[in-house]
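Have a look at this one before I ask anything.
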Amino acid sequence: MLQIVFDALTLGSLYALGALGIALIFGVMRLVNFAHGDVIAFCVFALLWPSVDAVAIVFAGNLPWYLLIPFVVLVGAGLSVLCEIVVFRRFRDASPATMMIASFALGFVIRYFLLMLFTSRPKSISLLPALSQPVEIFGARLPLLQLITIVTTLLVLAGLTIFLRRTRFGLEMRAAAENFAMARMLGVRANRVIMLAFALSGALAGAIALIFGSQTGTADIQMGAAIMLMAFIATVIGGLGSLGGAVLAGFLLGAASVVMQVVLPVDARPFRDAFVYGAVILVLLFRPQGLLVARGTKERV
Amino acid sequence: MSNATTVDTHALDSDKIAVRQPSRFSLAGRTIWTPLLLSLLLVAIAVITFMIGSRPFNQTVIDVFVRVILVVGLYVFIGNSGVMSFGHIAFTCLGAYAAAWLTINPAMKKISLPGLPEWLLATKLPYWQAAVLASLFAGVMALIFGRVLMRLSGIAASIATFAVLAMINAIYSNWESVTGATSSVVGIPIVRTIWPYMIAAVVAVFIAWAHAISRSGLALRAARDEPTAAAASGVDIPRERLVAFAVSGAIMGLGGALMAHSVGVVTPDTFYLGLTFTTLSMLVVGGMGSLSGGVIGVVLLSALIQALRWLEAGVPIGDSTFAIPKGLQEIALGIIMIVILALRPTGLMGNREVTLFRKKTK
Amino acid sequence: MAYKTRLLATALIAVSSAFPALADDDKIIVGFATAESGFMEAYDKPAQDAAMIRIDEINAAGGLLGKQIEVIKADTKTDRAEGAKAGLTVIDGGADLVVVSCDYDFGSPAALAAEDAGKISFFLCAESVKAGIQGVGPHSFSASVLAAVQGATMAEWAYNKKGARNFYRLLDTWTEYNKGICDGFDWMLPKLKDAKLVGQDTFKNEDASIAAQISRIKALPQEPDAIMLCTMMPGAVSAVKQIRAAGINAPILNGSSMDGSYWLSAVPDLTNFYVPVQGSIYGDDPNPDVSKFNAAYKAKTGSDPSSQYAYPGYVMIDVWAKAVERAGTTDADAVVAELEKMKNEPTIFGPRTFSAELHHQNTTKYEIIEVKDGKPGVVDSWTISEPVPLEALLK
Amino acid sequence: MSLLDVSDIVIRYGRLTAVRGVSFSLNEGDILFITGPNGAGKSSLLRAIAGVTPIVGGSISLDGKSLAGLAPEDIARLGLSMVPEGRHVFGSLSVEENLLVGTGMHVGKNGWRARVASDLEAVYDTFPILRERRNGQAGLLSGGQQQMLVIGRALMTNPRLIAIDEPSLGLAPNITDQVYERLMALRAQRGLTLLIVEQSSTRAVMTGGRMVLMRGGQIVLEGDAREVGTGDQIQAAYFGYEDH
């Protein structure tokens, strides 16, 4: 039982962090950023030296952890901010559909850029190998990594909450997320807030890359896609613009997935995702505005 | 003045005037040029292809026609309702598999898809009959899903449509005895002549046009541009959306059936995110507010892709060959799409239609 | 004028590298409709390089039927619709043999185009029974061995050599290949006296975490004697890593797709991990010819093969060329007839058999690779006691 | 020199022209009412001054500095605080947080912390109800309280000019009285310049000050509110009896 809770929390953590990255950007510019998954993949590949060989040539991946973690997080933040400056800045006034397709095209560019440098063959990396040990906790034997994933996520969430609640940047971001035009009329600098949102979102992508990379031991250009999709769904059912809702929904999706895997009979297990998505439709029908509705968020899609 | 922000380009376009009831006949007469010109474009492409006579190029153009059908299908719902849908490829999937069920040799079907009902196992139809039935099947399924989904609007509707796609994909990827799960369903008769695809694309264009000028299509576009006003004047938005959803589902199904016949194999992963985004991109780049935008988006982007492939393969310039590195084609395509959207956020066509009389549209 | 039209057509269709050669009686043309970009490229390229080695050898030795073999290529871009085009392109270029992508799903559009045109098609390394008569038609073959043989081989070998009795089966439902391995395992298991399945589960290759599946294994009263893991890259690495991280140390049995040392760094000091291979890339194959091939491969591409999947490419040209030689023509029906006469035809990478029912291998000798402390090496070789019957393959 | 100069500006939405050639100027400490019927272009004018809506012709300058091409946040930082129609409180933020959003522009200036703290006290003194509710969610305030909050929030930027769009909209008359009372007191205390948009001229007449009347995107009447704000002349102008 305890095991199931931990499993659900592990998967939910990844989804929650992903959903947060999408919700942050959606909040300030109503952009559903489909490039987010590719930013995650990019962060993992940043650890490798470009090569078309099957064997990965590890580059930054050999750094000690206290340098490795900031490195990956900074790569994520940097790339994300770059996307904003080069691409998304030109789409401030565009419709959500246009922005969405632009973000998709951008993700496409990042993906094929990686493909050109690294080929499509998934590469193996040993990221933070010390974490692959099992530990005993409350009578359940868990991989250390699972525990660290959960703790990291909780720390990131706590850190982000403090940042948003206690700092001026946080205040401006929350105001901007709720009513961007009004915040600007009060002197809140649009570009700075949006860049900050992108930086945070990118940093979260870096965090996911680290967790996911050490969990799977693989760098694959497609790796961000599955998390990105779930995160996107979590953002919507959580209530667009509501960061708390995104996190909650991320954990719920993780839990739903794990619970279905446990309770479904073996023949029905391959259909797990069909049940999960069915549940998503039900949630949307009963709470079209999402689980937690951000007050004052006007829908524009 | 309070709603100055919503008084925007659509405010006085011909749709709204049309809602104020001119004669249906004159409306059809005024707008018929759009489907005619688009069809002319498609026919011209087909004839040129036929004259060139290269088999690979023929196949390329068949692909373009299939995409035209799919994007026109998307336009019928997304363009008219303004609601983004990520789920329409689900109906393409339904159509493709339905076509497979109806056309595969019964002897082969008994082995590979034993879970099909007896009457279906025994059926073998010509591909065009199968395509019509597949399209109807997809349309009916769209009607069923739509009844539930059309209560939603905005991004909740978008996600719900995606959830439908993901559900159908999960089911078709695992229902071993009926869909063959993830393995390719084979034995679908391959049709390599270009004409059926051209005819289907032209038919799709005309269906989209007929829907757009129907009472339902006009009401839906009025609701897209001014939801409050439309609702106040008695437009039942969910119902009009449902009509568009079913019509577009049927067109997507037709596209799926033809796609199956163009390649000869179907697998569930063909009908998932990749195709969803390719077709959506073509629609948005072309201009999702107009039928012409959809068709022209497909033709131009397909031409662009071919041109880039050609560059990738190498172009002889004098004695040397100029070629862009492998893989750069996709990167260039992505960048060009971003540039087009940055310059023309409403797509190449905006909300305009091609027509002979420029005054009638804006 | 005709030349101009053709040039225009060629330009438009963007044929890669070669311009369509006219049907030329002085040479024999092999057309590769394979992926030069996209994710299949990583699988097609090594096998294609190996095929080129055999072609170069044949050309150096005076050619086939006294003619040089010429190669034309068209890129499928790892896309089915593009695959059909690529197939048509090489057929228009006059290909006598159409070589298609490694995977059945991605290779079949081109193979179907070849079948339509009455040409022989060969899948580079597809391991589904459909890659051949069953899924394409009477002129289609695969150069590799059925996935089911791999599952059956591992089950029987572990039963006999590792004393395994309690098996656990973990299936990744992503591809037919994965299911094929488990099908072979399922067919073999009841034949092994006292062996039983103590549990089974499924996952998806892209699952971010398989924690729930692992918890189920750990909930068993005792750890199974062997875990049959039917999956492939990239999810396989993640699955193995998570299984070991959870403290499960039972032997893990796999299909050939997990061959190669390039991924082992992801699971440091991996032990008790087994894969069947057609030949060893680690320089320790009992057959010296395999090592000789490895050297030739390194000379051509600059590195050793990264997995056993290079080998089928070589085998393909080898058996096809023999059949052409025996038939005395490249005519498709005559060559097919010669290929179908092959019974245990020796090749460097094990014997090959084709029949009028099956253009694929339903039994072969496999080398067993064991990964121990992170080091892979040949420990044994095994041939299943009876071929996997067609009924089990088509189930 | 006047504080705000609006000269001959034109605003278009697509093919629809909302404001056609409006000019006026405003001196430090002035109060100007812009009145007119729905659709006259009042809000557009205000949004253009705040930099939210682009203008296609004419010019706007604040303290002699042209506002052309400036973003709303830059204009706010020059000392123009806009209170748009419909109040727009940040509903999920607390009352105090709402007040603090606009103080970002002071960060880093000499002694800004003390300044913000004293500004906050001043706003609380002006609107005691806000002090009472300082930690409550702003979305839960009543309409009148929200109106006070947005005015207080605008004051926190230390503006030289406040532009308010329909402060009385949706408020009971006695609450509106209170709001105006506070505004006038602030004007007296701080020498604040006020630009107020209202549909009817009643408030302008009650409060006094200059008034312009807009209709069809143009100024059709202007003068001292108490002089022009009553009688037939304004009736005619408001409803467009005479042709211009």
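As written, the chains take the letters A, B, C and D, and residue 1 is the first residue of each chain.
The rule we apply is simple: contacts are C-beta pairs under 8 Å (C-beta built on N, C-alpha and C of every residue); 3 or more make two chains touch, one makes a residue touch a chain.
In this text, all values refer to a predicted model and were calculated from it rather than measured experimentally.
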item: Centre-most chain, if every chain is reduced to its averaged C-alpha atoms; value: A
item: Chain of greatest Cα-centre distance to chain A; value: D
item: A-D or A-B, whichever has more C-beta pairs in contact; value: A-B
item: Rounded Å distance, chain A centre to chain D centre (Cα mean); value: 41
item: Distance from the mean Cα position of chain D to that of chain B, given in whole angstrom; value: 49
item: Intercentroid distance (Cα basis), chain B paired with chain A, Å; value: 31
item: Between chain A and chain C, centroid-to-centroid distance (C-alpha), Å; value: 36
item: Per-residue multi-chain contacts in chain B, two or more chains; value: 173-174, 326-327
item: Per-residue multi-chain contacts in chain A, two or more chains; value: 115, 225, 270, 273
item: Contact footprint of chain D on chain A as seen in their complex; value: 168, 171-172, 174-175, 178-179, 181-190, 294-296
item: Complex contacts: residues of chain A adjacent to chain B; value: 32, 87, 90-91, 93-98, 100-102, 104-106, 108-109, 112-113, 115-116, 225, 229, 232-233, 236-237, 240, 270-274, 277-278, 280-281, 284-285, 288-290, 299, 301
item: Chain B - residues contacting chain C, complex; value: 52-60, 63, 111, 173-174, 181-184, 186, 190, 192, 259, 262-265, 267, 269-270, 306, 309-310, 312-315, 326-327
item: Residues of chain B touching chain A in the complex; value: 78, 84, 148-149, 151-156, 158-160, 162-164, 166-167, 170-171, 173-174, 273, 277, 280-281, 284-285, 288, 325-328, 330-331, 333-335, 337-338, 341-342, 345-347
item: Interfacial residue positions of chain C with respect to chain B in the complex; value: 5-6, 8-17, 36-37, 74, 80-81, 83-86, 88-89, 91-92, 104-105, 108-109, 112-113, 116, 128, 130, 135-136, 173-176, 179, 394
